[in-house]
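You will see chain A twice below: alongside chain B first, and alongside chain C after that.
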Partner chain A sequence: MQFRLEKRREPSKVMLYATPVAAVLLTMIVGAIIFSAIGYDGVGAVREIFLTPLTNSFKWQDLGVKAAPLIIIGVGLSIAYRANVWNIGAEGQYIMGGLAATWVALSTHGMGGWWTLPLMMLAGVLGGAAYAAIPALLRTRLNVNEILTSLMLTYASVQLIYYLVRAPWKDPMGMGFPQTKRFAAEALLPNIFPGTIVHAGVPIAIIVALVAWFIMSRSVFGYQMRVVGAAPHAARYGGFSENKTIWLALLVSGGLAGMAGMLEVAGPFQRMVPGFPTNYGFTAIIVAFLGRLNPLGVIFAGIVMAITFVGGEVAQTTIGLSSSATGVFQAMMLFFLLAGDILVRYRLKRVAPQEARA
Partner chain B sequence: MTSELIIAIIVTVVGASTPILIAALGELVVEKSGVLNLGVEGMMLVGAITAFVVLFTTGNHYLAILCAAGAGVATSLIFGFLTLSLSANQTATGLALTIFGTGFSALAGQGYSARPVTLMGPLFPADLAAHPIWRVLFGYSALVYFSFAMVIGVWWFLKKTRAGLILRAVGENDLSAHSIGYSVVGVRYAAVAFGGAMAGIAGACFPLLLTPQWAERMTAGRGWIAVALVVFASWRPFRLLAGAYLFGLVMTMELYAKASGGPLSVIPAELWAAMPYLATVVVLVLISLRRDASSNAPACLGRPFLPTN
Partner chain C sequence: MPNRLELSGITKQFPGVLANDHVSFAVKPGEIHALLGENGAGKSTLVKMIYGIMQPDAGEIRWNGEPVVVPNPKAARKLGIGMVFQHFSLFEALTVLENIALGMDAKIPSRELEARIREVMTAYGLLLDPHRTVATLSVGERQRIEIVRALLLNPQLLIMDEPTSVLTPQEVEQLFTVLRKLAAEGCSILYISHKLHEIKALCDTATILRGGKLVDTCDPKLETSRSMAEKMIGTGLKDIVKAEGRGFGPPKLLVNRLSTSRTGHFDVPVDDVSFTVRTGEIFGIAGVAGNGQNALLDALSGEIRSEDRDAITIDGKGIGMMGTTERRRHGLCAVPEERNGHAAVGDFTLSDNSVLTARDRLGMVVMGLINSGAAKTYTGKVIADFAVKALGPASTAGSLSGGNLQKYIMGREILQKPSVLVVSQPTWGVDAGAAAAIHQALVDLAAAGSAIVVISQDLDELRTLSDTLAVINMGRLSPARPVRDFSVDEIGLLMGGVHGTVEAA
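Presenting the complex of A and B:
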């Protein structure tokens, strides 16, 4: 029996949504086999990483807190990737958003009010968008590849944190630790459920995704992003400016990454520390793809990815699996998803033996 | 500045430049065949951990390099299968490969950190490199001479051989190459595997040549700089050599600024650490101002090959 690939007239909607689910399931099965083969407790690893965070209700608040930044950044990246703009420096834009918010928090320390958090949010969004404006400017003016510039700027921004917390922003009362002082109460995100760690960033993430979904599917802006990405020639013919699309894609994705940075520093971190870059910006790339570049899909993908993070921590304490195993599982998921993409555009057809010979 | 110091600086520059040069040469061949593999950083990390583990268990440097190359090929074939056989998006697959390599190397390297190995010794006998001047020429390990040989080798292969001509044809016009009867996918698989071997060897440079131990993410973005260098060199091997050494010089200045406390240390150490990445951006801007910048790019770069449509 032989198979042949036949191009579909239209991309399959069923496959478009079935392949991410299949990718997650395949990752669990193949992951269990591979991890067993190399001498780990494979089934245990998969159970702890993928199921424990769901079955253990104590872990749900962790899921929300981890998923929020992934969803916010992932929504921005899904918009950019739709327009074929490859911003892979969201981590750097997240850092710059966090730093801009920190600057507001530190300079208003002791004289803040109800307006502190909104101002920090504004600074965070602007900080992320401004950092993404550099690749946008270079791409539109000089045709410099945005993949490389946005990534290189990420490495540079990490050094900026190290410098700021070591010298000008260092907490003099911090017993020598390179970190800023803890933010004042009005510069910290309120917890929405008393007694939990669930902060205001969690509902904000859902709102961001819903608004983005509405804009992408119902507005001219969303149409422009999709058309420029899918059919650049047609878009030019239709009067959509490619440069404007590149600018919008980078500013929106950078601004949202900056927003996530603000929410993280004012939420879980409560101060700026050298460990602030936690790879949310890179993981959100997987989230965007797993969510099929659709803001609603990104919500689910963000939760799945948060499960692997929380589960990775569980597996670390219960069965001693390194946290880096999480990265391997996440990459496998993306591999399976990309491999499955072919089924969206092609169908698998059984070929009769004589036909195959011909 | 004494001549001793100058020689020490030259030796450091060579060490810093070698892995970038080797990885970039591999990526250059891959891109010439029309494929953009952004997974260089991931393949380098897989090569680095493989080389470290082999060296740690056997003590044989050459076996470590060989295994690193093999591991690089194996990793690159994941990319090859997805993008060439299943025509998956090359940008996304390359990113996934880097995420995979980062996670895999960290997992495989568990328990190996802070365990020392010995650096690779010089290729030539010590007598030959006794005088400082001769040390600049004959004082390096085999990996350094390998990188120079590969610059010439890649240039010769692409310019002077029939196989190189076919590879370039596949990168410039895949449909024509296909219609004359060349296997586009086959050629690209070979190029991707070569890029994987080179990235693996480049990764091996880190534990064998630079710091004799394993550390997570020890390649620190050098794979991405290699990708940028290929653009910088506008796909020409000898310009790649110049570019790699320019970056090696920038990285070496960082090391000396941290160590010496001299005039270079006026600039904060963090800015020095950020310098190679900022320099990459500046360099990309500078080449974009040149008129022939993108004209030399392989025409099919990054486009999947779909003969049936």
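Presenting the complex of A and C:
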């Protein structure tokens, strides 16, 4: 018995939504097998990583807090990727957004007011967008691939944090720790539910996704992103400039990554520390794809990814699974998703072996 | 003598379509046999089974009287079946000799191969230097390589798939001479085409397919082009209704010394082109593929902007430096040659494809938001008015057949009532019924007062459609003249690069 891939007349809607679900299920199954094979309780690991965060209500607030930055960055990336602009450096833009917000928080320390947080937000967005403008400039002027430049700039931004928190921004009262001082109360995100760690970034993430969904599906801007990504030649014929689209895609995705950076530094971190880069920018790439490059899908994908983060921590303590196991699960998910995507456009057809030989 | 090739009851089923339904016919030795039919009639499938690319589900192929199974093209060549495809498989960077050597089943020392190539070339008058690089050859010359490649195997049956679609009239004549000589020596030829006058001029017998079924086998010399066309499409053919003796209005579109710069390695830029199209006039631009037509269309549509504002003017207003959106606002719509990926986005719905070019002219955008209701309504109107076979505005463009997509695209532009319409290859790959509908729509648009530019490689189309004609060759445009003042020979010479008064003298 042999199979052949046959192109579908229309991309399958069912497969479009079924493959992300199948990817998650396959990840669970294969993950269980792999971790059993190397001597862990594989089934237990999968249960701790994928189910405990959902069944244990104490973990829900963690989910929200982890999912928020993933969703915000993932939404931005899903817009850029629609336009075939491959911004891989959201991590760097997230860092620059965080640093710009930190700068506002530190320079207004002790004289802030209601306007401090909005100003930090503005700085965060501009910081992220400005950092994404570098790959945009290089791509549109010199035709340098944005995948390389945006990725490499991430490493530069990490070094910038190390420098800033060790020298100019170092907290004099920090007992030598490389970190800034804790932000003033006006520069910290308010908690939404008293007694929890759920900060204002969580509802903001949902609002960002909803607004992005509306813009992408209804506006000329969204149309432009989609048409440039789907058929650049047709986009030119339709009157959409490719360079302008590259700029918009990078500025929007960079700006949103910067916004996430601001929310993180003013939320959970409360100060800038060397541990600020937490790979949200890279994980959000998986989130964008798992969410089908659709802002509404990104909400769900962000939650799924947050589950693996939270669950990974649970599994670390309960069954002693290494923290890198989370990365393995996330990578498997992306792998299965991309592999399964071929079924959206193609179907498997059984062929008689004799015909295949001819 | 047994028939060279005999098909009986050949049937091939694809998912959803019966591509060939009990097709039976025979080709005699030395006969030039036409296989005639519209796009999708099943010609290609049938030929692929003869050449071993596909296997029939049912039926029998007899070769010189013996029943055979042709498992693959190599076996077909071994039997003595040669094929020249519509799309050539040549490496542009290699020489003629190297290309032929690569395509041979058996390995032959290159000196011996060269001798044999020269022998075949002289025998059939296929003149070509074996050491020239393919990139430097014209399309007609490239086709000769494919023919030589097939003839080296001493075939008893040569299959030619739409061989003349890219040739000038003179090149077509040369090809026919070669084919007649081959036939006289006893080689049978299966000639696939939909150009009826060529079939009348060349072929002894014609087999007509429609919807996978054999409709008729006839002698083309005893038929008229019209009667064969009607058999092909199954209904009476509608004539283009063109009001005689209509006058033209004032000049509408003025192109003045338009040039573009070279972008890629093999593309041909537009070089100092000037012409005028008046209100109500259809201006035809003939030429062999790859002579700057694409650059000309892009330069007119606005995808390539000129540095000179007055290189293109509409009603005296210079639009040369405007982009496509601005030009559309000034009344200029365009349809490029490539449908999928250029004129339309295959993954998008038809409704979304309407937004691509009609959004400004028809007010589909309000404050940056797309009015999808308006797009849907307009798309529905295009589908209805141009008889597009689609489930509705929500079907994706990629799910339509080539001809239906073309009808949709033409409809999308024509119903915007542009004052200037520029179209390239408006009926390329479109069946005769749809082509007639598109032609009529263009004539009606001109009658309503638009200026129309038709860029095409199909001379028949240009001669029936246009009022004025010019020929493009290597990016340069010949002087324009009323179409009835041109003879086919003259057009052919211009297409081949002989520029009348100056160079031919």
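Quick notes on this one:
One rule holds in what follows: the second predicted complex is superposed on the first by the 351 of 358 C-alpha atoms of A that agree within 3 Å, B and C clash if a C-alpha of one lies under 4 Å from a C-alpha of the other, contacts with A are read in each partner's own complex, and residues count from 1 in each chain.
We take it that contacts are C-beta pairs under 8 Å (C-beta built on N, C-alpha and C of every residue); 3 or more make two chains touch, one makes a residue touch a chain.
The model shown is predicted, which means the values in this text are computed figures rather than measured ones.
With chain A as the common reference for superposition, the partners chain B and chain C occupy compatible, non-clashing space. When chain A is checked against chain B and against chain C, the one touching more of its residues turns out to be B. In the superposed pair of complexes, A:Ala331 makes contact with chain B only, with no contact to chain C.
Looking at the shared chain after the overlay, A:Asp341 reaches chain B, while chain C stays out of its contact range.
In the superposition on chain A, contact is made by A:Leu138 with chain B only, not with chain C. Once chain A of one complex is fitted onto chain A of the other, the partner contacts of A:Tyr163 are limited to chain B, with no touch recorded for chain C. When the two complexes are overlaid on their common chain A, residue A:Gly238 makes contact with chain C while staying clear of chain B. Minimum C-alpha separation, chain B to chain C, in the superposed model: 7 Å. Of the residues of chain A, not a single one touches chain B in one of the two structures and chain C in the other.
By the touch criterion given at the top, residues 15, 52, 55, 71-72, 301-303, 323-325, 328, 334, 336, 338, 341-348, 352, 355-357, 359, 365, 368-370, 372, 395-396, 398-399 of chain C touch chain A in their complex.
Taken together, the chain A residues at the contact with chain C in this complex read 6, 9-11, 218-221, 223, 226-227, 230-231, 233-234, 236-239, 241, 355, 357-358. Within the complex formed with chain A, the residues of chain B that make contact are 38, 78, 81-82, 86-89, 91-93, 95-97, 99-100, 102-104, 106-107, 110, 216, 221, 224, 227-228, 231, 268, 270-271, 273-274, 277-278, 280-281, 284-285, 288-289, 294, 308-309. Per the touch definition, chain A reaches chain B in the complex via residues 7, 86, 88, 134, 138, 142-145, 147-149, 151-153, 155-156, 159-160, 162-163, 166-167, 282, 285-286, 289, 322, 324-332, 334-335, 338-339, 341-342.
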